Amino acid sequence: MAKLLGKLHEEKVFKDPVHRYIHVRDELIWRLIGTREFQRLRRIRQLGTTYLTFHGAEHSRFSHSLGVYEITRRIIDIFQEKKTWDPEKRLLVLSAALLHDVGHGPFSHSFEKVFGVDHEEFSRDIILGDTEVHRVLLQMGEDFPVQVAEVIAKTHRDKLIVSLISSQIDADRMDYLLRDAYFTGVSYGNFDIERILRVMRPTEEGVVIKSSGMHAVEDYIMSRYQMYWQVYFHPVTRSAEVILSKILHRAKELYETGYTFKRELSHFKTLFDGNVSLHDYISLDEGVIHYYFQGWMEEEDSILSDLCHRFIDRKLFKYTEMVSFTDGHLLSSYFTEAGINPKYYLVVDSSSDLPYDFYRPGEKEERLPINLLKPNGDIRELSRESDVVEAISGKRRTDHKLYYPLDLIEAIEDITLKSKIKEILNR
Amino acid sequence: MAKLLGKLHEEKVFKDPVHRYIHVRDELIWRLIGTREFQRLRRIRQLGTTYLTFHGAEHSRFSHSLGVYEITRRIIDIFQEKKTWDPEKRLLVLSAALLHDVGHGPFSHSFEKVFGVDHEEFSRDIILGDTEVHRVLLQMGEDFPVQVAEVIAKTHRDKLIVSLISSQIDADRMDYLLRDAYFTGVSYGNFDIERILRVMRPTEEGVVIKSSGMHAVEDYIMSRYQMYWQVYFHPVTRSAEVILSKILHRAKELYETGYTFKRELSHFKTLFDGNVSLHDYISLDEGVIHYYFQGWMEEEDSILSDLCHRFIDRKLFKYTEMVSFTDGHLLSSYFTEAGINPKYYLVVDSSSDLPYDFYRPGEKEERLPINLLKPNGDIRELSRESDVVEAISGKRRTDHKLYYPLDLIEAIEDITLKSKIKEILNR
Amino acid sequence: MAKLLGKLHEEKVFKDPVHRYIHVRDELIWRLIGTREFQRLRRIRQLGTTYLTFHGAEHSRFSHSLGVYEITRRIIDIFQEKKTWDPEKRLLVLSAALLHDVGHGPFSHSFEKVFGVDHEEFSRDIILGDTEVHRVLLQMGEDFPVQVAEVIAKTHRDKLIVSLISSQIDADRMDYLLRDAYFTGVSYGNFDIERILRVMRPTEEGVVIKSSGMHAVEDYIMSRYQMYWQVYFHPVTRSAEVILSKILHRAKELYETGYTFKRELSHFKTLFDGNVSLHDYISLDEGVIHYYFQGWMEEEDSILSDLCHRFIDRKLFKYTEMVSFTDGHLLSSYFTEAGINPKYYLVVDSSSDLPYDFYRPGEKEERLPINLLKPNGDIRELSRESDVVEAISGKRRTDHKLYYPLDLIEAIEDITLKSKIKEILNR
Amino acid sequence: MAKLLGKLHEEKVFKDPVHRYIHVRDELIWRLIGTREFQRLRRIRQLGTTYLTFHGAEHSRFSHSLGVYEITRRIIDIFQEKKTWDPEKRLLVLSAALLHDVGHGPFSHSFEKVFGVDHEEFSRDIILGDTEVHRVLLQMGEDFPVQVAEVIAKTHRDKLIVSLISSQIDADRMDYLLRDAYFTGVSYGNFDIERILRVMRPTEEGVVIKSSGMHAVEDYIMSRYQMYWQVYFHPVTRSAEVILSKILHRAKELYETGYTFKRELSHFKTLFDGNVSLHDYISLDEGVIHYYFQGWMEEEDSILSDLCHRFIDRKLFKYTEMVSFTDGHLLSSYFTEAGINPKYYLVVDSSSDLPYDFYRPGEKEERLPINLLKPNGDIRELSRESDVVEAISGKRRTDHKLYYPLDLIEAIEDITLKSKIKEILNR
């Protein structure tokens, strides 16, 4: 089947604050951007609840997806200029780059945990199902949608293509570090992307980095490390996330126990039932979630109503470093005694990051290592060449925090009980 | 009545990409930021539909309000350092700066036009009514809320305070130019704000600018001029705005003619009836609007459903320079003939800007001129000193465009009719 | 004759703070950069005495020349990508871009005025004479050096090539505005160069700008306007320039009257005699000038010694707006009466700028207008389309200032005389 | 003795690209900046020969010194605002910050090694000797110059003051990282200085950092690490440095063996004799050195002449990783055989960096550790809290390179000899 979509008559550009301009030269890419499934990403924030900590972090997955596309395009253009790349693969990689997050829903992390949905599965469904995205992809060949889905799922046989989208130094990570740094306003996420793009070299096993560019990669790894702890795992963001999860849990629990909601549940019904359709899923976005949460503020159930108030009006939980197991038990019983349901109001949240990891086969989440290409043609894994990376390599750092509503504790009338709780929390 | 709110024990900061950090030292400001009415501004975009043109423009009125507060704080700090400012006024100005936009709803411009609501009135209601904001302000004195409202309404007797928030070179304009430039990624909005703050001088009649800083002000005026035409009046943004207005019009029309909506109208009912309460108004935000528009995509009424599809999926109207009056009439009748309702599908939109204006008493929207302070103490209006400003001063530039759905026109089966329409549109 | 210099085996890059990287892919360009005549530009500041006002302005003509080359390269790459450019011309344009300033000496402006030398003539001599530059150029063909010289001299028959290097929106101006803004730290010089490069179109008569990019060009013109008055004509810079000129005048005068200098005059001798050779000229740089000026601080002649002290130790003249003709005469006689030689210590300096000009044939310095390309293919001169540019177009703005040594005036013992002088200066 | 110099009538500002503006409010600081000894720093580049690698690195010690002053001023202002600082010490610290580098000569590193001069001694002499700087300082009290000298020499009893200027996170290091990054254009040197300034706390033992700011400090340490290896130790810069040293060596050797120089040696004579006076030293700057080197290009001695040509025209030595001891000997004898003097043309250069070090008493160059202030008031040394810093702490990384003139080797006529040399160099 002939490829029906060629070059655009005239290049289109999007003004982008991170990459200055995003250049679209292919009819295929232009049409994919115009689909409703892709446009929907405008209504889902890239960083979930982070905007409640860093007010600038209001950017969407739409912006990020364009950014990943643009970085990939630049990498490929450099490869093509050096004649080290098969131009036939171009549109496949670009489509996968653009669509890699298309299955994301609002606050994906919490939704996936509570409702057992999986954004990667929805990505696949959007690419292969009855959607505008699928119809556009089909014009490149009957086989094309499946190939795009395979690249995104990392199951495609072409390792080079997969590594451009999913590795420890791929277009996805590079865009989100730069973009999240730009929008939050923190300086940590910056690194010299132009230099990194220039030292990338394609091999059959994936992209490698010329060793002369090692320092730029070190700087990128350190950016990642800093962004994780300064932004992504910020305890205030996690406090909002904790409340969000508890709202979803509570609503589901109420639903399952036959509670009658004042507001119709249409969007949530299939989620609660565990059989959400693609159509329903696509209509979910952060605006819809906010609509429900605002409605639930008026519900009879005081836990649901209170939690929604907290989320919408940003009256978040406070936090402390995790207390001991014994103390946790004690707190839990004190909370119950004080009439505060510990199931919803005493929450442990753990974050942990592995800033860089070399390949350890057989692990659940295998991560492709970053390989350096030495002047003599040898390939060396990054952490064997870089002291700095070696120092943080494979070291999982974990942080446990306990979240609780300080205002409710302050309002406990039994002075002794209150002081016992506060004593543990302030330890 | 004693002022109950003093200095914070420790300064609080917000990371802000435009001003680096936003510094809060006063308990009053900290509490105002925490109110639900202020937090609600997180759910209203600063630039309405502009994000459909410049994808980075996803920032909220919350961010902007913090920015206006911060610029005002810096101005006052400089004044206090030079001992040219009465410290008693500090919290009044800062509160007004922070709250100046608190009455804004989603897509204010369109909502105000269609439903006759007025965000300035709601600002007043939020400051003086039964709200968290009001209760916080009250702690500074019984009279304090009224004073804040008067500063925002520009009716306060202290002209200096008013001019800090509302003049042609106030904290509001300075923040939005810088912020909108940052988030859209265009370079036009930049000017040397640090220099401008340093050459501002307080007088009883309002802020004046030391004439040695004239060039920085020229640069600011040119930024404004460029931002208006490059960003604020961008025809694609206006296309989305046009569709949005038509959706509201159509829904209202349907409501008034007794149409039965599938989805309950709760939020919109009082808007349609023209008696929206403060409580209802506050619960309106862009998420809620998106929720309704997504629901209305499923309505029976094909116009409402189609327009909502266009807005949500970004299938916007195309535009052309305004055609002649005669051609307009002709087009309208051709549209009707083709079964396309011109009332909703053939829209003229005009934008016009006055980049800088000196004082012309008696005009509807009086604009305070920018005054320069000469070394000898004389005050001179800016356009009398600056060639560049003089050149664009008082010159209203207007742009008329005609918006229409190209896809519907392309689908017209009557070839003759279609070609007659296209001929006019391509003139 | 065959072209001996081809593509480099591997691209070379220079890290550049303004353009991020400067990319060199041609052996010819690489070798030209390595010549001693080009390397010499490292020892000549781009902005002469401006570093005495803006301490960051310490950048050299070497950096600027690389920048002009890089912008030209980017323009050509875009042209080639769109297949609107003859690749044969590439190296000619790039060489001319790189070498356009190669004949500049230290503080060119003052040296040219005092000694009647002409940097354009020296550019020609370096390109055509017995130099490393010439020998490298020769390898591209016997005719090549002459062609490069013609492009730089604007006499080449190919108007398009000339316009890339010398027009009102050429690579030279674009680089110096961005670079001078970057190094001085002022924000005025910024404009969206990426956008301008994208809307440039080659025509036989020179480069034109797609009219959709008009606002970016307006912004560029305003940047020029601001940089002239904020940076290039800064009165403190001109004060240093005034002293520099007077030093050269004095030294020449002393030489001509047979004064015996303590320090040998080698470099200056031929300048004084008006027969400076290319070899001597090339060995002149700012370090050499500083060496002499420091030596002359120890000369017997008190005027030469004092002026050199002022220049080296930055004890500059103060300035005032130009006084009337009568007052000027009066001041001159008062200065003489006070024993201060007005020839060296009372100096009028005028600056004048024409921010944008359309073509007025027959004028001494014809300036090519900026032409816009309309969608229908028409060409329109910029000021006929842009209100802002029209407002400042063809309007020469001139500024006259009077420079004098305040310290010497303060030291006048005759109180009456001193007060008469100060009265005039403070008028 | 009364302090004669107070506040300036009106604040003075310098536009600075790194810190935006440098603010001067004290008459003392203003006058110090105006002294000839301080103005002389304009003629000495901050980064010596680095401009031959990164062409933007043309900035002077003058700019840097203003920057160190400005950072110190900001730190003190924050301390004073928090009332944690004795205002009496203000001018002492600011003077020391401004003058800390005042004794630097051109290419200090090489000059100190070859001629045994010491810039710290000259700093002391300038502050305490018969200079304009000394006379200005004296106006603050008879004791004042000595105190300033002691702060710079780190012998002042007030450890807090010393730590602001000389510690592992002082105003000096913070300015040079930011400034050198800005002017070279590399991104590595950036860190969030505003945050670091806000978490600094004064103690009697020196400045400490609130532990909540640890990540910002980690980022700063990593910036230092990257700048050392990417910029400061760049092998091309070191190649120029190697040649510079060899020029000085050769000239001194010739002088000592009675060689007659064509050009008078005035500035160098006392350096060669080892008795350079303060007056002579101050008149040395990079311009003067360039003047001599250009003259020496014409000397009879072919080694001196050749090396000067290389330095001036940037025909530098190539380099390779250090060869073995045996190979070094072999090379040396081959060079001699080929008529290339290995003493001047075969040079080993080593660089080594200790990115961060905790306190190890008794070491030659004790470095004050960075201490963190925990919420509970405890003080903890940085590397005990930070994994990243711990990883690179106390680890000296060293790099040895061998420099040689590839062009001379290529020109060796004895093919066997040449190939033996090249074989060793390419190992």
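Read from first to last, the chains carry the letters A, B, C and D; within each, the first residue is number 1.
The definition used in the following text is that contacts are C-beta pairs under 8 Å (C-beta built on N, C-alpha and C of every residue); 3 or more make two chains touch, one makes a residue touch a chain.
Predicted model, so just to flag it, every value in this text is computed and none were measured.
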From chain D, which chain is the farthest off, judged by mean CA positions?
B
Quick note, more Cb pairs in contact for A-C or A-B? It is A-B
Euclidean distance of C-alpha centroids - chain A vs chain C, Å
51
What is the distance, in whole Å, between the centres of chain A and chain B, each centre taken as the mean of its C-alpha atoms?
31
Touching two or more other chains in chain C are residues 20, 186
List of chain C residues in touch with chain B within their complex
186-188, 190-192, 215, 218-219, 222, 225-226, 229-230, 387-388, 390-392, 395, 397
Could you please specify the touching residues of chain A with respect to chain C in the complex?
13, 20-21, 194, 198
Once bound in the complex, which stretches of chain D touch chain C?
14-18, 20, 34, 36, 39, 42-43, 51-52, 54-56, 58-60, 62-63, 66, 182-186, 264, 283, 285-291, 294, 312-315
